[in-house]
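You will see chain A twice below: alongside chain B first, and alongside chain C after that.
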Partner chain A sequence: MMTRLMTATAVLALATPALADTAERRIALSNNYAGNSWRQAMLESWEKVTGQAVADGVVAEAPAFTTAENQATEQAAQIQNMILEGYDAIVVNAASPTALNGAVKEACDAGIVVVSFDGIVTEPCAYRIAVDFQEMGRKQVEYLSGRLPEGGNLLEIRGLAGVFVDDEISAGIHAGVEQFPQFSIAGSVHGDWAQDVAQRAVAGILPSLPDDIVGVVTQGGDGYGAAQAFAAAGREMPIIVMGNRQDELLWWKEQRDASGYETMSVSIAPGVSTLAFWVAQQVLDGQTVPQDLIVPFLEIQQDGLDAALEATPEGGVANVEYSLEDAQAVIAGASN
Partner chain B sequence: MRRMDLRLLLPTLSLLLLLGAVFWMQPRAMSYTGLNLLFNLSVPIALATIAQMLVIMVDDIDLSIGTFVGFCACVTATFLHDTPLLGVLILGAAVAAYAALGALIELRGLPAIVVTLGMSFVWSGLAVLMLPAPGGSSPAWITALMKARPPLVPMAIIACVVLAVVGHLLVTRSSLGTLLRAVGGNARSVSRVGWSVVRLKATAYGLAGVFGVLSGMALVGLTTSADANIALRYTLLSIAGVILGGGEFTGGRVSPVGAVIGALTLTLAGSFLTFIRLSPDWQIGAQGVILIVVLAARLLVRRRAVR
Partner chain C sequence: MMATTWTRPWFWAFAAAALAFAATVVLTGVQGAGGLLVAALTFASFSVLVGLGQMAVITMGPGNVDLSIPAVMTLAGTLSLKLMGGAAGTELWGLLAALGIGLGAGVANYALIWLLRIPPIIATLSASFVFQSVAIWSNRGLRIKPPVSLAEFSTGSTLGVPNAAWIGLAAALVFWMLIERTAYGRRLSAIGQNARAARLAGVPVEGVRAATYVLSAVMAALAGFLLSCFSGGAALNMGAEYLLMSIAVVVIGGSSIAGGNSNVPGIWGAALFMFLIVSMLNSYGLGAGVRLILTGVIIVAIVVAASGRRLTP
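The block that comes next holds the complex of A and B.
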């Protein structure tokens, strides 16, 4: 029995070649900015997961580098230095989708695997782990349609005007409203992804809105501010979709405990850097990986609230670190 | 002549010292490809530094060169690629605008620092208008030129040497260069002799515009596409490069060869800090320290030379 178990383990070990083939490989993270809580959490996740991977002998080394200033030219130089240092793969969160293409091409030509995530690069030889922001917007309306089958008026809080992410999420929300025509968007304000701005903006538009606002669709970082504005105006609290920020989750929990308030929360986990790490590892391992992958969202539902809040540091963002299996699932999902 | 040599000695020494350190830490850099990777991004910086030097030479300072290079990069990646004739016209108009600014600054006695700071917003605004989202693509011939692999010596080194020689001939050897330096040194005596200072300043700014355009084109050749914010850092890098290369803010005292070496030193300092794995929190500070050390050394050497 014992020997059979051991043979089984040995066979299993052989069946997962990921551990052996990349043990000598080195993967570097090129990051353009570290000045907010999301990026800090992203770097921490990278350190945690890659530290474990190095200890387990999956890869030889996986250091993270951040440019001192958020500038594309500086990051291009950083990537060229990484080529010189002979890394086998470079994982990039890029300062610009296009301005690094020259350096990325140099890396590809040198036989280096380049995986971009969050801030992706357009150079075709690189792998991209992109966020489907439109789906993030559409999903919110879908959730509301489940909660409020009869529909009603929605308030939309947008992000920073002129930024690509804002346009994408908003387009998704409007697509959602088209899909569920029982909803209509009664008003829309720019909250700049900041609670204080969102609070001021919502307080400003509330008097001009009809009384029956049933839901608020958001972009993250603005749900708490919106709730404060509704409370201050003495209005009935609509269903506000949250964005995984700690203050939003805390407010949600307080409301749930007080009055049974129900909503959901969705955003991108900073731990997506670890997904990029595993994707790079899989490519180095010789697996076939599609050039374009989609980041899964981190959704928090009513029953997962307590656990999510507990794991989120004060002032931070809910996070999740990805494992090799998660990466394989994402790759398999994109291959089909 | 001896003083000029001394002025160049220090930047050259600091460059060699840094290069030695980089080679020691990363022997892979000591190859054709290695040198190219180390230095190719310093070609546009060196061009921008020469542009800045031409303005500093006439006793002004240009705070708009970074956004101007970004603007030129956007024109190169859009108009010059799609409709070359229109692209050339726009770039020509940009150079003319630079010359006109030089004339305006002299005619109205405006402070260059204010005018160029204002212009930096104009250039970046125009760049955003042209390319609201990063993109565009590099004209094939520019990429071919920037990524060419000539035998023996990498393109980046050849480009820098050519730039230094052209700059030297233009500024130090030609009669125009002598006049322009004289404007920076003592504008009043130049005008007393009968030269038009307005015209000379316009020439200096126009030449700066030409080098700015070349910088933007070289940058796009390397990155293969543009971004309106691609070269914001160049303003400060170019000023630091001029001073590091032995130039002085007082006007008239500049060295084109030194400016190119200064630009190379700054790029190399960045790579050096990456190679020793210094935390990014310390990198800007460390770059500043390198600058201060070189400048302090220069002051010491100069004091000794005066004595």
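The block that comes next holds the complex of A and C.
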């Protein structure tokens, strides 16, 4: 009897390697904001992947919670509630890199695994799945240097003033301009990562810019608005780096079909929430995971445009959902 | 004539807008002036639409402000574009749906204020959570394109003036008639000057309040509809800019923040100024920090100048 049970367990363990240990574990998502399409896609990816994981018996449950007001104090209270409710791991997209550290430390002290992603926390006991925002900015200028070896004037569209991400991407762009000094930034506006705000800001600065703007470097969610503003002003269309939104990709395809327009698109896939889920699962499973991991970019090049556009829901954002194997690859990459 | 123009409360908003325009044109040269003016007229018109509604609400005196404007814009834009689904021949239904949503939102706001006796600030703020949640729930942030005809209309021009600006001008004209030439306008000012005196004089205070909150929500819905057609789709955060904007254009435009005194032309002057000041500071290449500080300082200066002039008849 005993032997037969052990055999059954051994067979099960073979079928789902390294999963059985977390079947009773509960993982919660603490999210600070849901008011844009990227965050909505992020939550949908979480639901989809964790729903499947729960059905497969990988974890017991994995609910998502979003705060109403995008306030650090509110999210700290939310994390404290999660501690009281006895979750085994908390995956967090944080409202602030530092303001949640107290609550995160409490969770760690209670033996809870904390994995932060996108909006990371600096508390050393938490795991961080960070985006290399500087590289995201630098890469755009590098791409433009390949397309336009002789250089020229660039327009920079920034995000929301005062937010850490905006400073980081912008620093990367400026580092890129230093690396490729044939480029210079002729003007800079804040587009708040929103097409309508970017459109307004670009329309306002265009009259004062020289006629030979060759490229527009962006932060995501602002490329389509910039294109609209250039078109409305009757200007020659520069190379606008896109940010993976479906309306941007669609516009790019229309321009490509009409006039052979070429550009690139780069952003972070909202499905990064699922990468964080698997990392939390791996930590609970007793695997050795480095505290600091880097999220891969989701880049779309000219030849991948049609496939990317087809896979992106209308009005949404290009996305990838990560699997356990992807998470293991990211962990292995960081461990070396 | 000059002396009277000079003392009008709206004078300072237009003067500031003209100065910001001139300062930018110095940099861009004359060839940039036309483009800048068209852009200013276009983008100011969205601020005008929400500003007019907010002005009517603020005119009713202390405590009256509509904080649900961003959420109503988002909800009206999202639902009406979803209803039209980008198909031709649905434009009228889309517009009616947007206005209907504004009507419903205004009624909901006023119901909270009147039935539950909640102060307007709290009522409109809490209602805006509901509106925003319905917008999220209905479409999860997907951007649906407007019908081509509406996209072309909202970005196009007639007689050299952007269509959006024509709508803003028409709305301003209607509001001017309403405020200056109708019993409703007189009652609105009476309530703002002294609600108790107005009630004793036989003004139907609650009726006017209800109409005003509905008016503000309908204007926000119209702005949301127009903006989402203009920018190629509704976004969940599209209204965020317009809460402070709607209040700023009222104050800069020379209306009294304490109520009882509204000023329609000033809304246009202030909306043009709010666009041109950002363009000017962007064009001079100033950083975001300096830009925000200067914007704040200049707004305070205009409000002081406008109110100072009004004290000396």
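Quick note on the criterion: the second predicted complex is superposed on the first by the 317 of 336 C-alpha atoms of A that agree within 3 Å, B and C clash if a C-alpha of one lies under 4 Å from a C-alpha of the other, contacts with A are read in each partner's own complex, and residues count from 1 in each chain.
Methods note: contacts are C-beta pairs under 8 Å (C-beta built on N, C-alpha and C of every residue); 3 or more make two chains touch, one makes a residue touch a chain.
Small disclaimer: the values here were computed from a predicted structure and weren't measured.
S.K.: Quick one: classify A:Ala68 as touching chain B (first), chain C (second), both or neither.
M.R.: Touch status of A:Ala68: both partners.
S.K.: Who does A:Ala34 touch here: chain B (first), chain C (second), both, or neither?
M.R.: both
S.K.: With the two structures laid over each other on chain A, which partner does A:Gly204 touch: chain B (first), chain C (second), both, or neither?
M.R.: second
S.K.: Of the partners chain B and chain C, which touch A:Gly225 in the superposed model: first, second, both, neither?
M.R.: second
S.K.: Comparing chain B against chain C, which has contacts with more of the residues in chain A?
M.R.: After superposition, C is the partner touching more of chain A.
S.K.: First (chain B), second (chain C), both or neither: which does A:Ala332 touch?
M.R.: A:Ala332 sits against neither chain B nor chain C.
S.K.: Applying the touch criterion given at the start, work out whether A:Gly315 contacts chain B, chain C, both or neither, answering first, second, both or neither.
M.R.: In the superposed model, A:Gly315 contacts chain C only, not chain B.
S.K.: Output check: A:His190 vs chain B and chain C. Expected answer is one of first, second, both, neither. What do you get?
M.R.: Touch partner of A:His190: chain C, not chain B.
S.K.: Per the contact definition in the header, classify A:Pro97: touching chain B only (first), chain C only (second), both, or neither.
M.R.: first
S.K.: Does any part of chain A touch chain B in one structure and chain C in the other, and if so which residues?
M.R.: Correct list for chain A: 34, 68.
S.K.: So in the complex, which bits of chain A are touching chain C?
M.R.: 34-41, 44, 68, 158, 161-162, 187-190, 192, 194-197, 199-201, 203-208, 224-225, 228, 232-233, 245-247, 313-316
S.K.: For chain A, which residues count as touching chain B in their complex?
M.R.: Going through chain A, the ones touching chain B are 34, 63, 65-69, 71-74, 76-78, 80-81, 83-86, 96-103, 105-106, 110, 122-123, 164.
S.K.: Along chain B, where are the residues that touch chain A in the complex?
M.R.: 26, 28-29, 33-34, 37-38, 40-41, 44, 133-136, 219, 222-227, 229-234, 267, 270-271, 274-275, 277, 280, 283-284, 287
S.K.: Mind listing the chain C positions that touch chain A in their complex?
M.R.: Per the touch definition, chain C meets chain A at residues 24, 27-28, 32-33, 35-36, 39-40, 42-43, 129, 132, 136, 139-145, 155, 227, 230-233, 235-238, 240-241, 275-276, 278-279, 282-283, 285, 288-289, 292.
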